[in-house]
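Presented below is the structure to which this report refers.
The letters A, B, C and D name the chains in turn, as written, and every chain counts its residues from 1.
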Amino acid sequence: MGFQLTSKDYAEYIRLAYQKIHENGDYITSLDAATGDGDHWANLDSGFRRLNEMAGDLETMSLFDEFRQIGRTMMSVIGGSSGVLYGSAYLEAAKILEDKETIANRELYQVLSAMLEAIMSRGNAKPGCKTMIDSLYPAVECYKACMAEGVSDTELLERVKQAALDGAENTRNMEAIKGRASYQREKGLGNLDPGAVTMSYQLEILLNYALGKVER
Amino acid sequence: MGYKLKKIINKAENVVEEMLHGMALANPALIHSEGLGVISRKEKASKVGVVSGGGSGHEPAHAGYVGKGMLDAAVAGNVFSSPDPERILEGIHQANGGKGILLVLKNYSGDFMNFTMAADLSGMDGIDVEHVIVKDDVAVEDSTYSTGRRGIAGTVLVHKIAGARAEEGGSLLEVKAAAEKAIQNLRSMGMSMSACTIPMIGKPGFVLGEDEMEIGMGIHGEPGINRTKIKSAKEIAKILLDKILDDYEASGIEMKNSEVALLVNGLGATPLMELYILNGEVHAYLAEKGIRIYKSLVGNYMTALEMAGCSLSLLKLDEELKKLLDAPSEVPGFSVSYGAVKTCVK
Amino acid sequence: MGYKLKKIINKAENVVEEMLHGMALANPALIHSEGLGVISRKEKASKVGVVSGGGSGHEPAHAGYVGKGMLDAAVAGNVFSSPDPERILEGIHQANGGKGILLVLKNYSGDFMNFTMAADLSGMDGIDVEHVIVKDDVAVEDSTYSTGRRGIAGTVLVHKIAGARAEEGGSLLEVKAAAEKAIQNLRSMGMSMSACTIPMIGKPGFVLGEDEMEIGMGIHGEPGINRTKIKSAKEIAKILLDKILDDYEASGIEMKNSEVALLVNGLGATPLMELYILNGEVHAYLAEKGIRIYKSLVGNYMTALEMAGCSLSLLKLDEELKKLLDAPSEVPGFSVSYGAVKTCVK
Amino acid sequence: MGFQLTSKDYAEYIRLAYQKIHENGDYITSLDAATGDGDHWANLDSGFRRLNEMAGDLETMSLFDEFRQIGRTMMSVIGGSSGVLYGSAYLEAAKILEDKETIANRELYQVLSAMLEAIMSRGNAKPGCKTMIDSLYPAVECYKACMAEGVSDTELLERVKQAALDGAENTRNMEAIKGRASYQREKGLGNLDPGAVTMSYQLEILLNYALGKVER
């Protein structure tokens, strides 16, 4: 009972996340075209493409180095707002993983919390501003609750995944506040936030991957 | 797509790097950090380094202001998109003379996040980094890419002030204070008459009717205050200046009997002829208001690719700002009607 | 009509005077002879006066080149139309330092007739007047407004050479000889991607298809050699340079291993970004041909209102021309990537 | 028998010429639009409008001063090519009239010859180049022939006028050479030259005026 993700597992996750993101190009682009400047998928996809190419190297690194490398790469290849936000997230999360060989239940929580904190402090946004935070924040909150309740790893991972997906879905009725004009706030109404959706993709793939690793 | 766009380019994805390459070739005093979007001074100085940057498409901003007396490095992102922290770190590195670095940002969320991230990272390397944020555009309170006011052409005057203060040996905090003073006393506003096309996107970002202009539009085509029928130069001067002057008043800055630097900025496709006509109207209107123009700069200082339109910036001057504005500078972009006539006169 | 045009103007009939008025306001070293279309240096010098001019709409040409080290006066006609002899006489008068006047003309019949008429008239007043005619455009042999080749952006380099020679105290014939040498060694060619609108006419002078460019078009929209689909920066550089280099060869001027000044000129609406990309391609192509670029100037030097497009000019240099090119100058328009970086360095 | 034009007569002629030119705006503009840049009428009309305003002053001057004034005004107000050509013509013709009180038969010939010569030398064009010269040149040639034949003033004036008008008409089949691109030379074919037509208007009005002054 429990899961242990190595740096090799994380590299594998990156490959799977790239596939998922890459397959949803038109959809994500249309979301950003509706509420932003339309480049979110192109940005993210090029970042993950690069990571996918590097995956062979990544799996040979320590988790600490791997996360730092992912962070630097996302920062510079994704670019724009989401690049620096993901970059900050990974560089912050790396600190948790110094000297760690694997990511188990507890570390995964710390990693996701650290990412959330980094994103919130870098971008100065809160839950409810219709951003990627609106997928990650409920996931982290759910994680915390599950740990307090002491549910099984499998149930925890399933519930956290669902929270991330629901969180993205809930951006539909939010007004955009960050990175958008006030007069355009209503513009987002009825549309999902692209950054929240791609965040939920990554969490979905990661949590599914962890689910596959849970020893029963 | 590619070069079927009506632009003199090769591949749309390479425009920024190729531009910076061509720019360094034309300016032997500058160097281009290949692949990293940075233009910096070849001759390094032991002084505070002043670094600016942002999305490309605003040429001559920002690389055109690199040189003695202004910026030490400029960092270019893709067209209308913030440079990433890796590039900004390269800019900081190139500008580092051991006395600290001042980052001059325009207030866009992407720029803010990327520049402050780079500042955090270089803080780890033991480099003192401070930043100032220019929010000179009085048109709108929040915008597509900004929380709070946007930074536009007036930023060039902040480059000049900060660069001059650094050149004369000011400490990091002194350079920052000079830049802050300029920012406090700076107001701008623009208008646009046509759209522009980001090479990678290949079609115009918006459409304006045949006889329409948009007051307060941003330098990335972000919506302004309102669309109206095209107006005369005289009316345009009045609309933009009234809003700027009201804003000074709202901030409690008295303008009557003050002296200002005026920047009449073209957005790219507006002929110098029109900017000079507008300059004449601005002079007349400010004279009416009892405001003296100490210096006027007329030309393309911060563009929006091939957008037609203009912006006006005023910088209220005191003796310190005047002296810094008048200090010599040797940069490619800061010259039309100014560098040459005034700054270069020793 | 009037200002319903998409231009920042007041009345179409007043654009030239209002422009010159606004220009003099921005440049305290210049004066505007009101109603006479002349911009001249405030500080008069006892030396040969260099005067140029022509139709307006080519800003910063010609008034932007008035100042120490270049022109003493520039005479502006209406948009794309020669100034009349009365105005040219005023220019001659303003530039007269008692040592004679050199008129630098571009080869258009209207300019030729008006400038030579003015020369005849001032000859009667006892002023020594000589003229040189720039015909740098290798595109076509005769054109809408010219018998023989047209004069285009390379003219700015002739202003620089003649102005520098006059500034260093050359006699009228020496200044003329320097200008002639520059003209002999000068070749240019341009291309256009969009039309422009003369304010008084109010509609574009011609139409180019959405994906078309015209090779060899003149700076008033005069037809060039051919229309083609839009090409890459690399191809454009090759097309223009091949024709220029062939022309040098046909005149028996050996270019291999020579040094040149390069002018990458924008026609008005083409962003600096594109000009720099083109500059990179020109450098690469000339390097292949064994031609060394001593100096490159990139920017809007001689425009055609808001036309999109560019021209390339080469001036083959010898030691004298290099020295004159490098001589200091203080003018509003001759600076982007040059005046500032090179000329102003003392 | 004979005519004598005073400076007052010449001012009166200017008024009449202005009327004629002013009435034919659309026609002349269409001619220049077809073969040139379309501004010939606007240029010429503004020059003559100014002269018309000045006519009261002109009639008080000596012929010499009047012609110089007309020349300077045409030069600066008409502008472009035709302004300087007419300016040159009048300044040259003025020389003939130094110390003259009136223009009689002989002086009129000299005036027209001087104008022709000035225009040809300033513009470097010859008869047959499809320019204003193609109206003035045949008029001057005809004048010379009539004087040699010794015909009456009335017949002379009638024949010279006809020569000017025919000359303009004959530009229809000429190729434009001056002030136009070689590849545009054929463009003019079938069209009258605007400058030749307006020259013929002026000659027609002038010769008619002289005809009215012939003492029988």
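The rule we apply is simple: a contact is a pair of C-beta atoms (placed from the backbone, for glycine too) under 8 Å apart; a residue touches a chain by one contact, two chains touch by 3 or more.
These numbers were taken from a predicted model, which means no experiment stands behind them.
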{"item": "Furthest chain, CA centroid comparison against chain B", "value": "D"}
{"item": "CA centroid of chain B to CA centroid of chain C, Å", "value": "28"}
{"item": "Centre-of-Cα separation between chain D and chain C, whole angstrom", "value": "35"}
{"item": "Whole-Å separation of chain centres (CA-atom averages), chain B against chain D", "value": "57"}
{"item": "Junction residues of chain B, two or more chains touched", "value": "none"}
{"item": "Interface hub residues of chain A, defined as touching at least two other chains", "value": "none"}
{"item": "Interchain contacts (touch definition) - all pairs", "value": "A-B, B-C, C-D"}
{"item": "Interfacial residue positions of chain C with respect to chain B in the complex", "value": "2-10, 15, 18-23, 25-30, 56-57, 59-60, 64, 67, 193-194, 210-211, 213, 229-234, 236, 264, 268-281, 283, 293, 296-298, 300, 303, 305-306, 308, 310, 328-346"}
{"item": "Contacting residues of chain B [partner chain A, same complex]", "value": "77-78, 80-87, 109-110, 113-114, 116-117, 140-145, 147, 201, 222-223"}
{"item": "Interfacial residue positions of chain A with respect to chain B in the complex", "value": "37-39, 72, 75-81, 83-85, 87-88, 122-124, 177-184"}
